[in-house]
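Have a look at this one before I ask anything.
When the chains are written out, they are named A, B, C and D in that same order, and each has its own residue count from 1.
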Amino acid sequence: MAEPSTQNASQIGIDPTRASEAPLPPSVEMKPAQAIKPGPDGIVRTVPESPLVDIMGGSSRHQINVLDHGFIALVDCMPRLVPQGQTADAAIVQAARVSYGQGTKKLNEDRGLIRYLLRHRHTTPLEMVEVKFHVCMPIFVARQWIRHRTANVNEYSARYSILPDRFYTPNLDQVRKQSKANRQGGEELFRVHDDAQELKTAQEFVNYLDDVEGFYKRYLALTEQGVSREMARIGLPVNMYTEWYWKCDLHNTLRFLALRMDSHAQAEIRVFAEAMLRLIEPLVPATVEAWRDYELGGLHLSRLEVDALTRLAAGSNPDLACDNARERSEWAEKLAKLGFRPA
Amino acid sequence: MAEPSTQNASQIGIDPTRASEAPLPPSVEMKPAQAIKPGPDGIVRTVPESPLVDIMGGSSRHQINVLDHGFIALVDCMPRLVPQGQTADAAIVQAARVSYGQGTKKLNEDRGLIRYLLRHRHTTPLEMVEVKFHVCMPIFVARQWIRHRTANVNEYSARYSILPDRFYTPNLDQVRKQSKANRQGGEELFRVHDDAQELKTAQEFVNYLDDVEGFYKRYLALTEQGVSREMARIGLPVNMYTEWYWKCDLHNTLRFLALRMDSHAQAEIRVFAEAMLRLIEPLVPATVEAWRDYELGGLHLSRLEVDALTRLAAGSNPDLACDNARERSEWAEKLAKLGFRPA
Amino acid sequence: MAEPSTQNASQIGIDPTRASEAPLPPSVEMKPAQAIKPGPDGIVRTVPESPLVDIMGGSSRHQINVLDHGFIALVDCMPRLVPQGQTADAAIVQAARVSYGQGTKKLNEDRGLIRYLLRHRHTTPLEMVEVKFHVCMPIFVARQWIRHRTANVNEYSARYSILPDRFYTPNLDQVRKQSKANRQGGEELFRVHDDAQELKTAQEFVNYLDDVEGFYKRYLALTEQGVSREMARIGLPVNMYTEWYWKCDLHNTLRFLALRMDSHAQAEIRVFAEAMLRLIEPLVPATVEAWRDYELGGLHLSRLEVDALTRLAAGSNPDLACDNARERSEWAEKLAKLGFRPA
Amino acid sequence: MAEPSTQNASQIGIDPTRASEAPLPPSVEMKPAQAIKPGPDGIVRTVPESPLVDIMGGSSRHQINVLDHGFIALVDCMPRLVPQGQTADAAIVQAARVSYGQGTKKLNEDRGLIRYLLRHRHTTPLEMVEVKFHVCMPIFVARQWIRHRTANVNEYSARYSILPDRFYTPNLDQVRKQSKANRQGGEELFRVHDDAQELKTAQEFVNYLDDVEGFYKRYLALTEQGVSREMARIGLPVNMYTEWYWKCDLHNTLRFLALRMDSHAQAEIRVFAEAMLRLIEPLVPATVEAWRDYELGGLHLSRLEVDALTRLAAGSNPDLACDNARERSEWAEKLAKLGFRPA
């Protein structure tokens, strides 16, 4: 027990005598294989138990081209270095085990733990993985994307720099009609091969974009005549491409994907989300597998729907106790998807 | 101390016998004047000591028009009801006092406490105040605004609804030149009254915006011909107006103002920030006064600048120990602002 | 179209001539009844269409006592003033309608819209409502609570102030055993009325807390002898009560409730969550109703479970295509809850 | 210009024909040296221009021991792999340059750019760097630490696991007195070598902690007798050690350091902050250098202080136009620090 030290009273703090000890086993799940003696700086450096390998396989960039001039490229991730034979899933397991205080387990137990986390929405361990992308996308896509507030973003600035001449223009056979059922959506294509009137409209749409794009020359000329870049660009349309670095933890990246891969999302952002998932999947295969099983491919039943299904199980009418037409039709869809016939 | 109760074992939880007591004085700073008996719902409702008044004076909206078609309107705040004679500053003081555990003080002590908080950047009590605005601004302004991630935002959706015909067009005498010193800025105006060439350029800029605005008719026509709203709008320019509800706590609102009232911010967002400050000031007068004194009107000196000033105080050369031209010129500006002459 | 103005060139900004116009109809859903002339300050103040009433009914505090010395009290909310006959649900509807651009609808349509938002997880409009609580809870509860990062918090500081003598001590018949199935839980009570051994253990637990509580006198004495408060308190246990103001938007408050009302949450925080829900429900009745239906009372099926249920609908074996014992037993529970018999 | 394609209409999306092109130069600052042909998966992988090296020098953990049983260990960072001869500063420069759209510059220009960012509080590029620590600290330190809300945290759970027997106990000559001037602080030490009465008090404090620590045995025994871990731990004191993984971007890490290295922070968290800075500095040397110059070693003057200094420069009285005693004494301190004599 603590005695007054005979040397000069020292403030609490970093204890130089302890620096020469081997590091305390910091927690059960981490057994530093070889404790190196602390350097003269008092820092104890630990050699990893097994060799670390670059999860990106030595390349600096994994890029998928999207739309006519866009792309999404994975440019870094955390962890970047993982023990041979492992993936970034390991960082999630490590974080979950500090909570649960369990020792290191085998790989199939790791997969089971990850599935457990996803199933029970224990999402904080997923925040221990970070992904970073370089993206080039139309401004109207960027405007939807930026609503995800947890990410770190650095965007190309049209106040500082001239915007390059890149506009998103769909092909004639990619022009979408306004949905009648869904005020927000536009999934059905114009029948440009079969219907002269529809071809004409689609052509007018594409001409409209071409004419808008023509303004790029006037934008350039105005900046050359001395109009400030920040003003000159205000006449440019939202189908111009912009680009940014976007960095986000895995939990919030998966939320982004859940919302932006949804059938209600605009098609032009869906394709970026789908490409993002392809780039992420090799980094955290067990997590993405579990996420597909529980989130993407899952089905949520409301209390009323649970009641209705329970009645069905009892041989009664699985009617929804609700007079809202929309809610009833959503229930009918779910029942059909499950293969049950409504009463 | 705790005996096994003779009645049935009950789980922990809300204690019905305590509900009939007068509420505990929750902390020193809150003395409920009249404790009403708990209702049959077990909730104790407290009558305020002094009458509460609407800090917005009974109106539902305080609006300032900004730019040619925009506005910013205060539509709600928290606290909305305050004791007569007080302002929303009181909620900041109340939160600070729970930290410091002090009793209620007089108004001039409240002002002193608020100044102390601002001076020492104890900003969490400022988060206890919330402001909510309805804003109509050009898309390029909205794109800068949305980078402030702490706010809650609901924006008008051009996927659901037709955009109204509102474009931002500066007057000829508001067109700004590209700054040479500052790549980002554009503060100097075209001399449209004195210089024929500059008038011509400014006129070309305004014509360009007028021509872009002409595309609005084609946008409308395309939606009438069945092109989905989400596609038809992609040719519209970033000087179109959009609108949103924006709700934010006071600490982050003041950070927004510090960044967007800065001379480096684009003029078109500065005018919104200035209007926002005018709408906030009557709600939290002591806080805004302190913020003007410490943040807006303050001056930050770097370590090198502190060293230089110390040398000046000692009668030596206040030269910056740094060979970066930009840093040196910033120091010269600060010295000049303070009224000292460089060596 | 813009002409060079004959008067002096003025920078862009707040347009004094527009201040005298009636305010623009800000958006379809808001029809200011009576536009007051702008004051000399250029601010247009709008009188509400219908009288505003205090949603807290004129009281300043709605408190429920929780545990032996704790409480949770609603002390403010946003909106605080609502049109007569309405609730804070109206602020959610208003925000949703600015996105959807629809006109004002009747109350039952509002309820339908809120149900739609909750069902489809369009949660940003819920962020337009803010609630503020004064809470007194044991430190170990506060430690779980603070993990919800979106809230604004000001806590009583034991560095500044002496902690009051308030310790949480459960009764003998509230002591819980370690669960065997669930490493985290402790739901089963000691049988203090039937089993002498279990009574003895429960008594030892309560004695242990009493003895710990006895250290409070030594804490006090040490501070009186000049030991700094920030040091003296470090020997105090985590069942001491602390208190704070906690302010959060409704979306994140409901997430807090979903996690902390869950059967896996510790009993001592569950009772605070349940009391919080009782305090919120009268403010946003339609939202809480929908939340109970879709979140609290809902059931989530994984892709594998959807597949199994589909097989059941087709008359086959609803076995889960998965060899994880835990996942299989969770599915068995869900099937049982729905009233289906496993194969 | 878009023609109706002769093949079947395809939805927009990832363009397989573009996948075979060399990747677009994504932006001026990134010149992929060798574009590898896209794999069969359509992903273009880029070989880095110069060899990448592990910024942690091949070790998996850099640990500094803190207090009697605590530690802080850097366990990962992003970027982890950097071009030979560079540091993680490069990721900040890269992000800043995408905003400014400039080409790659030399190292001393990079340092200049970083200094510019820090000086003008352009902090978003700093968010592109991420650091991850494993920390073992007393609960009362953890409670202060967790108030920084931007970080990702996974903490050891005393609901799942038995807490190890680790208590923070200062030595006799580390016991601090309550400050009289500063209600919050406690900087002065008990004079245990010179003053019998002060030695006695310090001894009583240490005895108190020893006695509290004695309860650990009863905690253990109770869990062995079947009391749930989540209950048994509630009598344990806040000087027990807990541990967590803490991951945060560099901008918010530096804010943490600014607040927790401040002289007003409690000594026990200051030592963790100082150790954290030592671990970070080799990763981002230019950024830490600039941060020391502008933040840590800087001085902020209020508007009133600027006015007073201006009067001093003009040969007048540098008195503060303010009657708040605290503000005046803070100004006197600053003047003295700068080497000016008050009037």
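Here is the rule we use: a contact is a pair of C-beta atoms (placed from the backbone, for glycine too) under 8 Å apart; a residue touches a chain by one contact, two chains touch by 3 or more.
Please read these numbers as outputs of a predicted model, since none were measured by experiment.
Comparing the centres of all chains, each the average of its CA atoms, the largest separation from subunit C belongs to D. When the C-beta pairs in contact are tallied for A-D and for C-D, the bigger tally goes to A-D. The distance from the centre of subunit C to the centre of subunit D, with each centre set as the mean of the Cα atoms, comes to 29 Å. With centres defined as mean CA coordinates, subunit D is found 25 Å away from subunit A. Along subunit D, residues 100, 124, 147, 153, 157, 160, 170, 183, 202 each make contact with two or more other chains. If you check the complex, the residues on subunit B that touch subunit D are 100, 112, 115-116, 119-120, 124, 147, 183, 264, 292-294, 296-306, 309-310, 313-314, 324, 326-327, 330, 337-340.
Listed in rising order, the residues of subunit A touching subunit B in the complex are 138-140, 143, 146-147, 149-150, 153, 157, 159-160, 168, 170, 175-179, 183-186, 190, 201-202, 204-205, 208-209, 211-212, 215, 218-219, 221-223, 225-239, 266. In the complex of the two chains, the subunit C residues touching subunit B come out as 1-5, 9-15, 18-19, 21, 23-24, 26-27, 30, 32, 36, 41-49, 52, 54, 57-69, 71, 73, 76-81, 91, 94-96, 98-102, 124-125, 127-128, 130, 132, 134, 136, 152-157, 160-162, 169-174, 189, 192-193, 199, 202, 206, 210, 243-245, 247, 249, 267-268, 270-271, 274-275, 278-279.
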